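Following are the structures in question.
The same chain A turns up in both complexes below, where it pairs with chain B and then with chain C.
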Partner chain A sequence: MSQPTATRTVTVANRDGLHARSALAVLGCVREFRAKVELVRDRERADAGDIWQTLALGAGQGVVLRLEATGPDAEEAVDAVARLFAARFHEEDN
Partner chain B sequence: MQKLQGIAVSPGVALGEALVMDNEGFRIPRRFVTRDTAEFELERLGKAIDAASEEIARHRDAVAKELGEKYAAIFEAHLMMLQDSRLRSELEEMISQRHYSPEYAVSRTLRRYAQVFRKVQSRNLVDIFDIEKRLLRHLLGRRREGISKLTSPVLVLAHDLTPSEASNLDRRFVRGFVTEVGGPGSHTAIVAGALEIPAVVGTGPFLNEVSGGDLVIIDGDKGLVILHPDEETIARYRHEAEELRSLAARLETLRDLPAQTKDGARIDLLGNIEFPHEVQHCLDRGADGVGLYRTEFLYLASDHEPNEEDHFEAYRQVVETMGDRPVTIRTFDLGADKVPHLPDPEDERNPALGQRSIRLSLRNVDMFKRQLRAVLRASVLGNVRIMFPLVTTVLELRQAKMVLADVMEDLAEHRIPYNRDMLVGIMVEVPAVVMMIDHFVEEVDFLSIGTNDLIQYTLAVDRGNKDVVGLYNASDPAVLKLIAMTVEAAGRKSTPVNLCGQMSSSPTYTMLLLGMGLRQLSVPPSAVPEIKRICRSVTIKQCEKVARHALSLENARDVKSYLRVELRKHVPELGQ
Partner chain C sequence: MKFADFISPEAIRAALTAVDKEGVIREMVQALLDAGRIKAGDVEGIVQAVLNREALGTTGIGRGVAIPHAKHPGVKRLVGTVAVSREGVDFASLDGEKVYVFVFLVCPLDRPPDHLLPLAHTAQRLKNETFCKFLKQARTAEEIRQLLDEADEPDSNQFGS
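After this line comes the complex of A and B, so read on.
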């Protein structure tokens, strides 16, 4: 029996891209879920729960990433991560 | 293999192990550890990670409390990066399997990450270097060493070298320098010249691509730095280093011959030195004396102000070694920002035009007097002259001479011997002095043209700024005119004029300078044989013709290419 999966496409919208702080926000978000979430950029793949891997994607503003989740709450997990990207990691709030 | 182009500031070729210095001036000490200490080294790594983590957590909490959670997030991210289990196992493997030192493993791994990141985005680099620095600080702890303690030959790679770092180097082991910033005439360049080792500056950023212990080649002739060279390149440079040694050996044969032109004009070829030990280089090359003894190292090499004995000891060594040959000592020539024991200047936005050199000496008369006393005491041991730098007005010169007279009186009172006829001169390095040169020649025993600053002030170019260093040009007709005016005015009063600064050691300018009437040149000791070879290959008549034509040209490029053609014509072996 295979695990439920979910995918979603997101765009890095914040000015500074996926740097230490935003990668941390992603990491904090996926830890709330049991599903394993990966960020895919072209042929590169990063475990969203690993800050070094996420940073190594070097995703600057405007880069399009695919979210791929595997696990019981895969759908909820990609939803939450996608919302975080859409909210620009709450960076530009004041 | 990776090639970097920088500015060549000190000639020669060096191959060797890299010593990488970070911005805080400390270094990664060694690359390998012995097999049986791996356990101990792993423990050290663990402790360093723990200590660094605690430090970051404390920082995070403090920032969160003061500025809010949002601002603390960056430290939380650093903490995550530092405690990452994959990073940890990678480091541990390097130590236990490959026997790297924890310091080397940390630097190597994080720099490799940085390289990956740099290809795509530079924002994260700061974070990585911050983590690297923090870990290294904990690893090195109290053993954190500067570059004054070395045990094997290295090539020093740094962002920039502070004057004190540069002068504190253990010169037995440093074989070359590369700095990311800086221009010709920067302190690194002067120290490299003094040590007679190759140096390249202004390469732009590259330090995150090398680790301590890597094999690096410095080509101080072409201004090239080669990282991770391939076998063929290594072989080629080994061969070149060999060739250079044999050319030096050929020029060596000139040592005991005078610097005399073919038509019999005797040129005084003097040495510029920075450190007392260089006096031996002067003798080895057959220099006629020391034309410029810089004394800045005394102020930079230690954190206390040099006392009279420190000064005296440094002067005595040089003066005694030179015997009857003249030694021209230049007084303090630094800005307050460079001297650790002077209060930081408040308004120094523009140090080149600020409170420095003779200005600072006249403001700190006690410090100035200590130096003058030592020079005067050394004056009975040989042929000593004193020279004031950066003098701008006649009044300033008189003030300096008054302080000197004061010190003489004091010495006489205490019956301490000194030479009351010691020659007193000034550096000509501010255009205002040239404008008023007729007045100056009435009050000095000699002049010494300092071309480095004269060019900088005439052309309004900071020679340490890589963005404008291309505008810094010794061939500029405006510079030539100022030199010609100075030589002419001095000639009317028969005041001796010397020329020091990089211009005097470049073969391109020798014929021009002789043609303009200069009979004294002061050059780094290593340049003595080459310049002597030129003097011995030309006649004054030829040089005068060259000078007349060069002075009629209207731009630097024409001057330079004309001079090169003439050099090739008269001294083919040096004209390349």
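After this line comes the complex of A and C, so read on.
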């Protein structure tokens, strides 16, 4: 039986982009879920649970990413990550 | 983007002597000062900016690597260095391991996205565990510089995938 999946499109809204602090925030968020969450930029895929892969995307302000999750709580996972993006990773200087 | 675009070769350090987080940061800031990349009057401010940034969340992102960085008005363009500690330093890393390789960046205040591509390039290259291993084993600044140059080769796969 295949696992549930969920997708969402998000935009990097904060000024500094998906840099170290925001990548760490994404990591902390996805760790709460069992689903595997990937960030997809064009053809590049990054496991959101691997901060190296997230940083390697070099996603600056305005970049559109697709969230793709697979697992029992895939929907909740993409919801939570999407909220984080919408909140600009709670960074004060935005 | 290449390491050569943001790493000052004269500031590379192959044998850090500091044994703690603040000590390492001070040593790397001193390296940038010695290389003429920052001004003496900005040293304390930069050190504090880096420590303040660390307080927000460790830049020890695992695999024995840390990417400490800060913004400071004293620099007009991004400056950076690479430094290696043979003994390793406790940097409160995400994986609980010591840090041996530091990629250190100081960015201008008014151009925040400057550090994003250097960070992305660093992550892309340091994802390669062989490259990471070679950096940790480097004995001289020249060795580190050569490793960075090799990693900058177009479609670099000198270190395997």
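Definition applied: the second predicted complex is superposed on the first by the 92 of 94 C-alpha atoms of A that agree within 3 Å, B and C clash if a C-alpha of one lies under 4 Å from a C-alpha of the other, contacts with A are read in each partner's own complex, and residues count from 1 in each chain.
Here, a contact is a pair of C-beta atoms (placed from the backbone, for glycine too) under 8 Å apart; a residue touches a chain by one contact, two chains touch by 3 or more.
If you're wondering where the values come from, they're calculated on a predicted model, not measured in any experiment.
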First (chain B), second (chain C), both or neither touched by A:G58: both
First, second, both or neither for A:A13, with chain B first and chain C second: neither
First, second, both or neither for A:A82, with chain B first and chain C second: neither
First (chain B), second (chain C), both or neither touched by A:L24: both
Contacts of A:V40 with chain B and chain C, given as first, second, both or neither: neither
Interface residues of chain A shared between complexes with chain B and chain C: 16-17, 19-21, 24, 27, 51-52, 55-58, 60
Footprint of chain C on chain A - complex, ascending: 15-21, 24, 27, 51-53, 55-58, 60-61
Contact set on chain B toward chain A in their complex: 73-74, 76-78, 80-81, 84, 86-87, 113, 116-117, 119-121, 123-124, 127
Interface residues, chain C side, partner chain A - complex: 56-57, 59, 61-63, 67, 69, 94, 112-113, 115-117, 119-124, 126-127
Touching residues (chain side chain A, partner chain B) in the complex: 16-17, 19-21, 23-25, 27, 50-52, 55-60
